[in-house]
Each structure stands twice: as C-alpha cells, then as structure tokens.
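Once you've had a glance at the structure underneath, I'll fire off some questions.
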Amino acid sequence: MKRNNYSIGLIAVVLCLMAFLVQAQDKAEKGTIKIDLAYHQMNNDLPVIKVSAKTRKNKKFQPVEGVEISLFFNTETSQGFLGRVETSTNGAASLSLPVRFKAQFDSLFSFKFIGTLIQNDSFQDQSTELEITKAKIELTLEDIDSARTIHAKVLAFQDTGWVAQPETEIKLVVRRLMSDLTATEEETFTTDKNGDAAAEFSLNIPGDAQGNIIIGARIDDHEMYGSLVSTKAAKWGVPLASDSFAKSFTKRTLWATRDKTPLWLLIFPNLIIVTVWGIIFYLIYQINRIKKLGRTNDPV
Amino acid sequence: MSQLTNASKITTDLLPQKFGTGGRIWTGILVVLCLLGLYGYYRQVTLGLVVTNMRDYASWGIYISNFVFFVAISLVGSLITAIFRLASVEWRTPLTRIAEIIAVSAILFASIIIIVDMGRPERFTHLFLYGRLQSPIMWDVIVITTYLTISVLFLYFPLLHDLPILIKNSKDGSVRQKFYKFIGSFWKGTAAQFRISENAVRIISVMIIPVALAIHTVTSWLFATTYRPGWDSTNFGAYFVSGAFLVGAGGVVVAMYVFRKAYKLESYITEKHFDNMSKIVVLLALVYLYFNINEYLVPAFKMKKAEEHHLRSLFIGDFARLFWTAIVMSMIVPVVVLLFPKGRKPFPAFVMGLFVVVGAWFKRYLIVTPTMLSPFLPMYDVPDSYKRYFPSWEEWAITTGSLAGTLLIITIFTRLFPIIPIHETIEEMENIKHEKT
Amino acid sequence: MVDLPKIVPLSEIKRRNFLKGAGAMMAGIAGCNSKDPFTTEAKKEQVQPSGEMVKLLSTTGEIIEVDKAYLKPTEEIPSITHMAERMGIEGKKFVMVIDLSRCRNLKKCQEACNHAHFVSDHQNWIKVYPIQDAENTSPFWQPTTCMHCDDPPCVKVCPVDATFKRVDGIVGIDADRCIGCRFCMAACPYSTRVFNWDQPIVPPEVMALQYSSETSCPPKIGTVSKCDFCPDMARKGELPHCVTACPNGVFFFGDLNEDTVTNGSETVRFSELIRDRSGYRLMEDLGTKPSVYYLPPVDRLFPFKNEDKHEAKPELHS
C-alpha cells in the first residue's frame, strides 16, 4: 500500500515537474517585448496614439515588425477598446482616437491609454499604460508696426476649467515640409507663472508664393501632457520668387520631354530628313517610271 | 564578231556560278557560326543580359564595338561606288557591286546587333512611339535607316541592267528566274530607261556621301556626347569617319582577292586594281594614323587627372598589348608593306587588307571598353567582376554569328547575282574598243 | 495629423474626368437614397451627426451626401497617376546635403536604401567611396547618391523618355518604358546608375505590383535603376530612408524653396548651412548642376579608417 502511494506520489511529482518544464520551455521560447505609447495631439484635433514595439537582442533594442497591439481608452474593456494596430517594419504603428470617444474625451481632465499584446506566438503577453493630463497650447501671433511676436500659452484642463501651466518647456517653430525649423533666437522656452512664453519673430524665411508660412508651438514628449502642437498660418514669410528652376522646366531644353525639343533641333534636322527622304521617294518613283516604260515598250 | 565573242565571254565569266566544294564548306561554316550565335542569343533573351560579362562599369562591350565596326565598314559603299564614280575613276567598275553589297550587309547587321545589345529588345517599338529627338540614339536610328535605304537603291539601280542577262541565262520556269523576273522583268534596256537609271545613280552618288559622313559622325557622337576620358573629344567625328574609310578600303581589298580567286576573275580584277586600291589604303591609313596621333598624343601631353588612368591603361597597362598591336597591325605595317610595288601584288595586298580589317575590329573594342573601365569615381562597393571586362562565350558567339551573317548575305548574293556588273563591263569593253578604232 | 479633405472632394474628381458627361451625373444624383458605408458604420458606432454634409463620389459612380461626422480620417494617400509621377510635386525643389565630417562608413544608409527598394547587394544605389583627392590631401568617406542634376546628361541622351526630370528636381526612371540601351549609364559621370542584368530578387507580392517611378518598385530585368530621392516618402512628409537610417546624421534633406534641410533630428536653414560650412557640389565644372551638396570633412567626428580588407562582394549568378 505504502509502495503504491509512494509510486503515485512519484508519478505526480514527475508529472508536475514535466508540466513546469514545459511551461518554462514555453516561457523561455517567447521573447519579451517592450511597448511604448506616445500621445500626439495637434491643434485640438482628436489625438493620435503612436505605438512603438521593441525587443532586446544582442544587448540592443530592435524594432519588432508585424505584431498586433490592442489599444484601450481608460479601461481594458470592450467599451474602452479603441482598435487593433499592426506594427510596420520600424516597429511603429499609430491610431487616432475614434470619433465616438470625443464626448468622453472632452469631458475628462486626464485619461489613460492602455496597449496590450496577448496570445502572440513569439512574445510573452505585455501591457503598457500611458497616463495623460489634457492640455492645450494657445498660440497667438502679433504683428504691430512690423514687430512680430509669437505668444504661446500652455493650459491644462482641470475641474476649474483651463488653467495656465508654468514651468513647461515649449518650442516655437516654423513648420516646414518634413520638419520644424526653430523660429526664434533661443531653442526652447519655459512658460512663466502665467503659462506664457513669447518671443520675437525676426526670421527672413521663404514662404509660398504669397508669403504664407505656418508658425507652430510645440511641447515634445512631456511626461504629463504628451506631445502637443498648435499651429497658425501667417503671411510672415518672404513671398517665393517664381522658382527659377520651375521656369527653366517649361523651356525647350535638351533634357526636356520630346514635346519641348529645342527649336534648332526641331527645324534643321527635320529639314534635312525631309529633303533626303524626299529625294529617296523621288528615286522610288523613278523605279516606277522605269517599270511603266518597260511595260509599254515593245520587247527589244 | 569579236565584240560578240567578247561580250559572251564576259557574260559567261561573270554569271553567278554554283558553289564548288570550297564554296559549300565556306557556306557551311558560316551557317554553323550563325546558328551558334542564335543559340547564344536565345540564352541571352531567356536569362537576361547577365549571360554577358558586361556589368555596371563596362556596361557597353563588344556588341557596341561590333556595331561601330559594322557602321564603319558600311561606308565602303559611298567610298568606292559614289566617290570613285564622281571622280570618274575608270577602274572602279569591277568593285562597285562588291562595295555596295558589303555596305548593305554591314548596315543591316549593325541594326541587328544594336537590338541584340538592348536590355529589352521587345520594347524596340518604344523608339518610334516615344522617341526623343534630343537623343543621339534617335539621330543614329534616323541616319542608319536613311543610309540603308539609299544603299539598297544604290545596289538596285545598277543591278537592273544585268537582269535581262540573268533572266536569259537561267532555267525557264525555275524559282530563280521567277525571282529575277519579280525584281526587274520590266527592265528592257531602252534609252529612256537608261536615262532615268543613270540619272538616279548620279543623284544617289551625290546624296550618299553626306549621308555616309553623317552616319559615322552621329555614331561617334554616341561617345563624344558623354564626359568620359577618351570619348570627350571634339575630334571624334572626323576620327571615326577616317577610320571607316580605311576599314572599308581594306575590306574591299580582301573581298577583291577572295572573289578573284573563287571565281577566277583575274582578267577583271587585275593586278592594277590591287595596285591602285593598295595606294588608296596607304593614303587612308596615313590619314587615320594622323587622327590617332591627335587623339592620343595630345591628351597624353596634358595628362589630365581623369584621363591619366585611361591613357595609362592603353599605353602601358591592361590594354597595352592589344593597343599597340592594333595600331601597328592596322596602320603601320600596311603602310610600310604597301609602299612597295611588290607589296601591292594581290596576295600581299590581301594580307594587308586582312590586317587592316582585323586591326580595325580590335581598335573599335579599344575605343569602347577601356574608357568604361576608367570612370571618374573609383570602382568601389561592387563585386570584383565589375572591375574587369572580358566577353563571355555567348557574347563571342553572337558577335561571331553577326560577322558570319554579314558574310553569309554577301555569299548568297554572289550565288544569285554577278559580283561584277556584267552590263557595265561589256559597255566599258565596247567603249575601249570603240576608242581604239 | 488628421485631415478630412484627404477623402477626395467632388471638385477634384471632376477634374480627373471620372464622370463622362452630365448624364451620368444626373443618374448619380437620382440614386442618393442608397445607404453608404460611412452612414452604416457610423450608425453602428452610434456617432452623432454634425449636420454638416459632404458630397462624395461612391464606387458605383453615384454622388452621395454624407454627414461630415461619419467620415473617419485616414492616413492613406490616394495613388498617384502616371502623369503626376512624371511631373513631380509642384512648388518643391528637393535638395540633399551630405556632411562628410560625420561619415564613418557604417553603411546603414546603404542597408536601409537597399532594403526599402529591393536593391541587391551588388547594385548599391548609395556607394560610400574612400576618397583621397591627392597624395597630401586628407582621405575621407564619401557617400554618393544620384545627384539629380538640373542639367542631367542622362536625361538628355535617353532615346525613349524613360528617364525624366521632374519639376521638383527629381530625376525619375520609368522601368516600363526603358529599353535597356544603357546610354544613360555611359553618360552619367557620377557612375550612379545600375543595371538589372539578372532577374531582381524580389518577393512575389512586390513583383505583382504596378511599377511606380516614385518607389522605383518593382525593379525589372533589363532596365536601369538608381537613387530616386524617395518621392513616395516626400509625399507623406517623411524623409528618405537613407536620411533616417544614418545614426550620425550625415544626410540632410529638404526643400530648396523652403530653404530648410533636416537630418531627422537637426533642422537648419540650407543657405546658412552651405555658407557657414562651405558646401560644394561634385564635379561642378562639368556643368551638370547637381542637387546634392557636400560639406567638407573638417572638424571630423571620427578619424578615417579603411578596414575594408577587400571584403569580396557576392557575385552575380548567371
């Protein structure tokens, strides 16, 4: 009897060990993934959540492609479900807050974004949270006697309404095609006790044909507010003199398409070709004449 | 009485004959080479240009140098037939048709080899649908087409004169006779017809010379319109044209000898002909040598940085052996040998003609490849094979096939048509007789 | 950035001639009652209508009116027509500045470019040369892309208009037009063009794509290809792959008309950069007018080390 108990116990232990080993194997095969969430909001539109998935390989972080991350708003429930995104080759993905959450978003002072990865074959389950306090930047442009100033005010949403935030780092920029150019002498400003930052705009920078440029104020990767950008268009740029290259593009050049062949190339070679081929056709016509003569003549 | 006999003797001598054993072996070899070339091309079309050894630096190889060679040798038509005619060179008669068929055949294969070089030959029609007149390639397409047409006409008009003789002397009802009749049964030899024909030939003689000059100048511009060392020369047009005349003359000497031997034409292609042609070869070789000295000595004097690598590779580097052999073989040796009367006898002239032609082929290779292997920026970040170029077997097969094809067309031509114009020869003989009496 | 106008408005469609004649339009308006997918989805998600209506063209050729609130903003960009690809982006003139004082021959630019464009290793569009102009001058690494010249010798010689200059300065290649004559390769003094001698190694789903000269994909056998300044990225407001891939910020890219270039982290005024750092162009005396400027290797970040113990590049198979 005792022997039976003993052997059953042994089998049970072995089974448990095996189960543990299998589980450990499972765990050992799956890598760990690091999910980073970033909050981006522009001009008080619906914010965009940017996801970045990385994994540690050979002591370096490598982006992870093709994993599906589920995003949630405040609660990890079907009500808070924002959507599912798949990371690109750079391990990046993004999702804008769906319209149906707008009312909820407008009413809250602060909120949480949750990103989860579950049931992935190569990686262990992972969950990340991002807490954001709602804030905005009020951007005003002042042009008095051609002295141009940019004013930015940082405000956070609290129960009393929008409250000015001091000690916040802010940058004042001109928005360009692929990046932002610093618009002011100093790189960054810190808002004063009224949440204000102001600087003189004295750049001589090209705008579009009418001289329009877009001025922006941005907060980058703030621990509470995320990344915010506020923009305003202004006629503060130098009107773009009609692009000298675009002008040459419409001219007749050797590198243009065939409809814009240089005139000398169009006229003289064609004249020569027409002349020479004219003679050739004349010669062929002469062959015809010889033919005719041969038919009408009596055989010699 | 003696007139008739002479005329009929001329006819018998010059009528196209059946191939003997030699002729059949010759044709057989050419056909085999053509088939090998076709097989090489089949591999190229199915596997891509990777079967060649051209790579990103030497992106033009022996297909292009072969193309230049064909265009060069095709100028012989205008030289012999047109220039000699306009200069009233009396002894040109036996040589005119030889020159013209070489010209037509060569220019035909120039077009073929250029299509072979294309990465996407099935898109050949793009040249006509989307062609840009600004491109030197378009200019080349236009002049080559024009020259081919004119050369065919130049071959055709004098050929008409011989057709009655050919029709009369071929078996009634045979395919051959039908063929002759199809080309020109309407030619009766009346005075009116002769007037038109003579006028046409006169017009072509004048017109073909600028077209011939244009064809090789434009081909030279395929190189001269780039910045590369060795090609960036203002001299290229004249340099190429002079080389073309030389190789054409050499080619005619070779053809003269071969036909003379094969068809026993000693009384028509006389030693005087070899003597005269050899003198012309000497003159043309000296002119080409003059242009070569300008092309190589002057940049070598300056040794500009971009040119230094190129010139070194030609003079003392990888291409030195080939370069000096080609110069000596195609220009210096022929000049020396042909300056002597003994050297201008048929056989030595023939050998010198061969030297000129073979040397010219390698000279064209030396114009194309060394420059491509001397780029402005170093050859880097590429596999080792990119830094060299020696043609693959497919390239050799296709190139040899194209040369064999040219010779095959000429061979078939001589089987069908008299290689020396019968009518003109008879006429000439009658004129001489008439003058004597 | 969410941007509702990305859903093509009616006026633009009219210009594109989707509708042939007013008759079709009449028929379209008549069918306004059909439920469109936007409304259906919005009802599912219980979105409140804003009252502001937007006119759209449905896939069946009808004009429908949808509440603006029902339209979801999308990051997707409508595909560009062939003619638009050949014309380029109006108002822009792309320029690149390469800072030679920072290059260390890491070849990350090459990796990223080759990966993004399915370029094989023997065909690198970006070549990083070790340059030493003279015996006593300093050696340095020089990454070389296509110069996108304003007087391009390659475009001049192309017989079929397969390579073309765009209004935004980019020189593009249409691999569906190219006949493979390789004249452009002979004409380019910068040796920047490569040829697809062999069948390119490309995944089948990419091979099946319609060729676009903005992505230069899929590459085709028997045609020429080269650096294209990534116009597909520029349309999205993103930098070319080489610029973002370089860890040392060697490549700056931008719009000459905006006088601004950026390497992803630093944004500077182009005119100031060239003036202060004495920028120059390669082979200026040839008159090609390149769009790529170089900043001389002064105040280097790294010393020059050529450890390239003749690492043999993989050969082509045939």
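Observations on the structure shown:
Residue numbering begins at 1 within each chain, and the chains themselves are lettered A, B and C in the order written.
Please note the rule applied: contacts are C-beta pairs under 8 Å (C-beta built on N, C-alpha and C of every residue); 3 or more make two chains touch, one makes a residue touch a chain.
Everything quoted here is computed from the prediction, not taken from an experiment.
Distance between Cα centroids is largest for the pairing of chain C with B.
When C-beta pairs in contact are tallied for each pair of chains, B-C comes out on top. Chain C has the C-alpha centroid lying closest to the overall centroid of all protein C-alpha atoms shown. Work out the mean CA point of chain A and of chain B, and you get 61 Å between them. Taking each chain's centre as the mean of its C-alpha atoms, chain B lies 47 Å from chain C. The centroid of the Cα atoms in chain A and the matching centroid in chain C are 15 Å apart.
Residues of chain B in contact with at least two other chains: 130-132, 134.
The residues of chain A that reach two or more other chains are 254-258, listed in rising order.
Annotation for chain C: residues 156, 161 touch two or more other chains. Only residues 254-258, 261-262, 265-266, 269, 273, 276-277, 279-280, 282-284, 286-287, 289-295, 297, 299-300 of chain A touch chain B when the two sit together in their complex.
Against chain A, the residues of chain B that register as touching in their complex are 130-134, 139, 142, 146, 149-150, 153, 156-157, 160, 185-190, 192-193, 196-197, 199-200, 203-204, 207, 211. Taken together, the chain C residues at the contact with chain B in this complex read 110, 122-124, 127-131, 144, 153, 156-162, 177-183, 185-187, 189-191, 193-199, 221-224, 283, 286, 312-318.
Residues 42, 45-46, 48, 94, 96, 98-100, 174, 176-182, 205-206, 208-209, 240, 243, 245-246, 248-249, 254-258 of chain A are the ones that touch chain C when the two sit in their complex.
Contact residues on chain B toward chain C in their complex (touch as defined above): 47-52, 54-57, 59-60, 117-121, 123-124, 126-127, 130-132, 134-138, 141, 222-223, 225-228, 372, 375-386, 392.
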